[in-house]
Amino acid sequence: MPHGLAFDIAHLLAGGLVLMSFLLLYQVRLYAMLNIFALHALVLALSVAWQALVQGAPHLYITALIALVFKAITIPVALHRIIQRLGIHREIETVVGIGPTMLVGMGLVALAMVVMLPVTANADALAREDLAFALSVVLLGLLVMVTRRNAVSQVVGFMSLENGLVLAATGAKGMPLVVEISVAFSILIAFIVIGIFLFRIRERFDTVDLQALDRFRGERR
Amino acid sequence: MSPFLAHIPLVILLIPLSAAAILVLLPGYRLSAALNMLATGTTLLAASSLVFGAGQIAPGQLLVDQLNISFIILNSLVGFTTSIFSATYIGHELATGRLTPAYLRFYHAMYQLLMFAMNLALLANNIGLMWVAVELATLTTVVMVGIYRTHEALEAAWKYFILGSVGIALALFGTILVYMAAQPVLGEGADAMVWTSLIRHVADFDPALLNVAFVFLLLGYGTKVGLAPLHAWLPDAHAEGPTPISAVLSGLLLNVALYVVLRFKLLLAANPAAIAAGPLMVSMGLSSLVFAAFMLYRRRDIKRLFAYSSIEHMGIITFAFGIGGPLANFAGLLHMVMHSLTKSAIFFAVGHIAQIKGTQKLAEITGLTESHPWLGWGLVLGVVAIAGLPPLGIFMSEFLVVSSTFARQPLLALPLVLGLLVALGALLLRLGEVAFGKPTGSMAPAEASYLPMYAHLSLVLVGGLFLPAPLVAWFQHVAGLLG
Amino acid sequence: MAVLLSLVVQAGQMALVLLLAPLLTGLVRRVKARLLRRRGPPLLQPYRDLWRLLCKEVVLAENASWLFRATPYLIFAATWVAAALVPTFGRGLMFSWSADLIAIIALLASARFFLALAGMDIGTSFGGIGASREVMIASFAEPAMLLIMFSLALIAGSTQLSTVATYMASAEVGLRVSLGLALVGLAIVALAENGRIPVDNPATHLELTMVHEAMVLEYSGRHLALIEFTSALKLLLYVSLIACVFLPWDLAPPGAGPAAWAIGILAYLLKLGACACLLALFETAIAKMRVFRVPEFLGAALMLGLLGTLLLFVSRSL
Amino acid sequence: MALAAVLATMLGQLAVALLAIGLAGRGAWAGSVLYAASAAAGAIATLAALASLLAAPAPPETLILPFGLPWLGAHLRLDALAAFFLAVVNFGGAIAALYGIGYGAHEPSPRRVLPFFAAFLAAMNLVVLADDAFTFLLAWECMSLLSWALVMAHHHSAANRAAGHVYLTMAGFGTLALLLAFGLLAGPAGDYGFAAIRSAPLTPWLGGGALLLAVLGTGSKAGLVPLHVWLPLAHPAAPSHVSALMSGVMTKVALYGLIRILFDLLGPPPGWASMVLLAAGGATAVLGVLQALMQSELKRLLAYSTIENIGVICVGLGLAIAFQANGMTAASALAMTAALCHIANHALFKSLLFLGAGAVLTATGERDLERLGGLIHRMPQTSFLFLIGAVAIAALPPLNGFVSEWLTFQAVLLSPVLPHWGLKIMVPAVGGLLALATALAAACFVKAFGIAFLGRARSAAAATAQEVEPTRLVAMALLALACLLIGLLPGYVIDGLAPVTRDLLGAVMPAQPAAPWQPIVPVVASRSSYSGLLVFLFIGVSASLAALVIHRVASHAVRRAPAWDCGYPEPSPLAQYSAGSFAQPLRRVFGTSIFRAREQVTMPLPGDLRPARFALQMRDLVWEGLYLPLAAAIGYAAERLNALQFLTIRRYLGMVFLALVTLLLVLALWPSF
């Protein structure tokens, strides 16, 4: 495989992941977000698979498969059902407007580049680009978590963050334990989703009912 | 190295793991509590035998060196005393019906699993394994915090879970970056994640990459340490879970997370071109200290109060390691040990107090030295120690922290001292209300085991006056390593 | 032999102040009366008063304690000792070194301390009024006195009255502003300490204005006699003090013969007479002030003392 | 040898403390035995310390124990200064313990007192003996902590608890200030042994910083204005024999710290330091005594009076610095001797007064002056002893208080020779303040003794009070005797202090002439001299003479009758002058500005039968101007930050996010990149 092509495709896929993150940031409706996330996971799966191919590391296919099956299919479906069950599918809930959020997102991507590109001067270009994109995805995922009120959209944010991690992990050539880590994270996410489902945590991420919080914590006068 | 000692690390891991497996199946409170104690006790014995091993032992993916040996012993010790405390504590919970037998079985298994996870994190010679262990420890404690299944407990567990997950994610990113830095030097594969080989070659790593990695690791594991502004989970998790877990959280888990941070600081210190990790740790430590000191004033829940005090002390320790130098590192290590012992002793007292009084509200607990002298004076001693007053151990470590800061960064000593003073004022204010005055609430005699509490306190007392020479030499050696 | 002689001289001084004290009081009263165009009591009236009081029975309040009965003797002794240590007709008497000016002031303060306590012993409101006002006045008079003494000590280089007097009589001293300020200050303090107009009126029993008299209201008979005697002694002490510092002429030097002593005594009598006349004149010319004006009055003395000290620094270093 | 003896007694005290944990409360005998043991240990240590002081100039004894900082050990050193303070501490301690034998029987919860009491004594000893910064601070803070526990002994009162809180917080402040001071003194090398600190050179700036911090640290413990606020709260709250220790002895240990750091560790202190001490001392003396005058609670009054005396001592120390900085070592020795002498004297008479107050407290159950009165009839011995203490503290001859005040004034009078203009002007002004404070102190103790012991009983408790046990009287009598002896024979004390000033300043006061009549001569006899013995004899002889003559010639008749009171005797004892009314003239003069005192009289209209009402409002400007704003600021910050406890998870995540972005930004902009 010629190096140029391998690099370009990897670059494309990683860039696509960043783009998907931006789309996530842009979406305000829950269903739309879930769909975008499914796409996000799909791009990740492709990217991981490509890395598996390029690096000649077959175990990475497992990670790709997990991403595909678990994140692109199972979780979105599960969340769909939760949204229906909780009856929050119509909610539009962002803390700040989309415009400023996107601007901040741009800034984050720029930050990721500034931090990462000079840093990885010694590493090969593939890892370098990958890492910068991965950091962007991580930061954007955090941004999603911070700017959304709804538990489900925050979970989506967390999962996109985690996708960034997997991207970084697979980009690091020959990193051991990648599969284990992706499994561990999937379990974590499953826990979160189950938590939302079991405990009916609908708004617990950002309750506006301060009195309720006081009662819970017994801390205020 | 004797072949016998080479297996000890494995034993330390296997005992809790197998105990967890047995405990999950074991019905009956007395039996499982006894087994719990037995398991932690034997772990302690095994861990203590590590003292006899000179130098490093690194069987497989595990590592015992000067740095972690004290942590392991401390971990096993507090784990053991907490299991003794837990036996009486849980008995009472069972009697009052706050816990059902089914959950109890679960509780003991989780306790051992937590011990396993923490010991694994301490023993791991692989930064990936370390990460996995910390995650496991987090998950088990999440479950334990939520074990009462009250609204508040679930809320606390949930918060802990979410913040912890984000922290874990950040830590993982940092770990990946370290691997990336190591990979050009050590080549692909597992070797680039093994700590012993990392430290040997770290001087050749890309320093810039290490810097970024450290930011992520500090924030990621710092969330576990409870550094402000990443601390939010800590007070609620301490307050809403069973008190033995609060004791283990404050006394051990925070230490384990900090230990991991220290490991990475060691890496950075060994690379001359990397930025000093110091300034970052100093600023995080100082902000935690000052922030927690002010937060102490408005606390109405006794366990939250001491949880914030843990944040404060973690801040001090992080600060000390950030300042660096043999003296400050020594102080940090000493403070870590003393804080673990003291804080868990305080939680032992608090646990019994809250059980007797049936409340955790500070306003409803007064006059303890009169109604329950043993508990009350134990609490007084503990708070006096935690406030940094002599002749208890934290006084010595705070003395060293302040004086070493003064020697290196005189201006930083001022906010440090102010933070200490503000915290002192708050703790004494609460102590005056809780331990003195006319007793209120239930006067029922305590069914408490004073042994763990007073054992810890006497260790802290001795530590404040007299440190045995081998311990000192050992700390000094580690402090030298930490740079 | 010499020791015995100086002992006799010291005893003579003690006897002298004892003898002259009522006379000085009588003289002041007499001159005052004359200034008011009254005939006034005879000069020896104070002696008669004392004798009459001594012969009367003591009426003791029911709850008077031992302190109340002991106080007259104590304050009499303290004041007498203090008066005996101030040079009157001669310098360098045998025991003059046993206490300097500070100690003399402190002896007077002891007397006042016990008198104020005695005033409170019976538990009447008048005793309390007197005691509380007395200590207020004293708390201004004492610092003022100390600052005055400070400037004196600066000039003379000593707080020992004999040394001060020697220095003052010598030619080195010259005329200084500080000395004038000190004199005025000392006069003010002396008025206050002796309960003279304008601070207090020794002749009144008008209830709310009295200070000293209120404290001793419960005393009678021989106790009262001692207290009256003490007041007279105190007046004499202050006059002697002013005389020895500001009119230091013709003081007999230590170890001098009877002739010098005779001259000294004569000069002393003259000085007393002059001071008594001045005091009477002043008291006639001025009205008594309200109690709460007194701090301001004494504050003036305090300021004068401080000013005198500061001026000295200026003059010294220039 | 002496050091070993003192160490042994310290161990003895600790043993007493440990035994007391188990035994106290098992019956009166246990308390008595333990207190007696503690008193014996104190007495032995006093003797050892005195022997060491008199044996000087022997080289100081040193000892290194394997405790404390591992690489340093606990260094102990017994030199002349330490020996002097050990004598003060242990004598005070022994007397307090002796008093405790009787007083302890009245203690409702002996377990909260006895263990801490004995340990407290040991801690104070250790402060004085410590020869490295760690041991010093350890002992220093232990001393605070143990006395805090003693303040909390009567913990049911909310005021006591508040006092304890303020106290220990301020103590923490002091310790941290001292810690920073030692940090500066030890320098970057960080050798905390005093020997190393002594020999290390220090730049003027660092030395100045260390000096100010040391003044802050020790001043907060000694009660220098404006760091004194805890003292009048905490001292009265403790049991009375502990109050005596805290006021009489612990404040002296604080001053020991000041002297040790300023004169010994710092090397010769800079001249400007004298101005700091003089200003602080003068202000402390006057403010302390004015506050004391305004109090109506006996123990609180005594506590404020302690503040005054600390001010007086600080003036002496300030003068010593001023003289030394200008090369006048003899004058400096005089000022230092005056300060040390006052330290010993104040320890004696303040202990005596607090013990007296304790006797009153147990006999009547009252601490409020307004409910006492007439105790001189019910408790004659206590009254007499208290009177001696009052005379001594009022600095009246021939007792000891006068001696040290007199020496201080002599030092003040030497100041014109100082070359520095600021000092030239400042010292006389401070001298004036000192004189004012002395006069006010006399007024204050006229009030204290007059209201509490004289007049008629203002409450039933005061009317039925009983004299206290003989052991307590003996304890007080010993103190009174010491007051008298030092007052009469001050020359011995001055000579005894010579080794201390020689060590610290390299100069001594002239040896005091031994005979005849034991006069003391600060510089030369022609300048000033004073003989307490002679004055005492003189007064005694003249008083006896007067009594003799009067009994010969005068009428002996005595008739008891109702009080005259200008013909209008008031039957109710409540019509007597009260503590508040006694202070009224001085309150009118000083209080309106310094305490913002406001009096309000509500007179009913003529014909209205309601009583007239008098309301008095006073404010503590230091408390309101310094401490309340500080507390408010902390409260405000705490309240504001507390909002962070009630955020949602999203916001907490936001904080994590912000922290991450900030750190990354910092990293991106790091100069090395």
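Here the chain labels run A, B, C and D in written order, and each chain numbers its own residues starting at 1.
The rule is short, and it goes like this: a residue touches a chain if its C-beta (ideal position, glycine included) is under 8 Å from a C-beta of that chain, and two chains touch if they have at least 3 such contacts.
These numbers were taken from a predicted model, which means no experiment stands behind them.
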{"item": "Most central chain, Cα average position", "value": "D"}
{"item": "Leading chain pair when contacts are tallied as C-beta pairs", "value": "C-D"}
{"item": "Whole-Å gap between the CA centroids of subunit A and subunit D", "value": "68"}
{"item": "Mean-CA-position distance for subunit B and subunit A (Å)", "value": "31"}
{"item": "Cα-centroid distance, subunit A relative to subunit C, in whole angstrom", "value": "98"}
{"item": "Subunit B and subunit C, separation of their C-alpha mean positions in angstrom", "value": "78"}
{"item": "Per-residue overlap in subunit B, given as positions that touch at least 2 other chains", "value": "158, 162, 166, 170, 208, 211-212, 298"}
{"item": "Per-residue overlap in subunit A, given as positions that touch at least 2 other chains", "value": "115, 118, 142, 145, 154, 204-205, 217, 219-220"}
{"item": "In the complex with subunit B, residue positions of subunit A that touch it", "value": "115-116, 118-123, 127, 131, 134-135, 138, 142, 145, 154, 158, 161-162, 164-165, 168-169, 172-177, 180-181, 184-185, 188, 191-192, 195, 199, 201, 204-205, 216-221"}
{"item": "Subunit D - residues contacting subunit A, complex", "value": "645-646, 648-651, 653-654, 656-657, 660-661, 664-665, 667-668, 673"}
{"item": "Of subunit A, residues touching subunit D in the complex", "value": "95, 108, 111, 114-115, 118, 139, 142-143, 145-146, 148-149, 154, 204-207, 210, 213-214, 217, 219-220"}
{"item": "Interface residues, subunit B side, partner subunit A - complex", "value": "128-129, 131-132, 135, 139, 151-152, 154-155, 158, 161-162, 165-166, 168-170, 172-173, 176-177, 179-180, 183-184, 187-190, 192-193, 206, 208-209, 211-212, 236, 239, 298-301, 304, 360-361"}
{"item": "Parts of subunit B lying in touch with subunit D, wherever the complex brings them together", "value": "158-159, 162-163, 166-167, 170, 208, 211-212, 215-216, 218-219, 223, 229-230, 232-233, 235, 275, 280, 291, 294-298, 327, 367, 369-370, 384, 387-391, 395-396, 399-400, 402-404, 406-408, 410, 413-414, 417, 420-422, 424-426, 428-429, 432-433, 436-438, 464-467, 469, 472"}
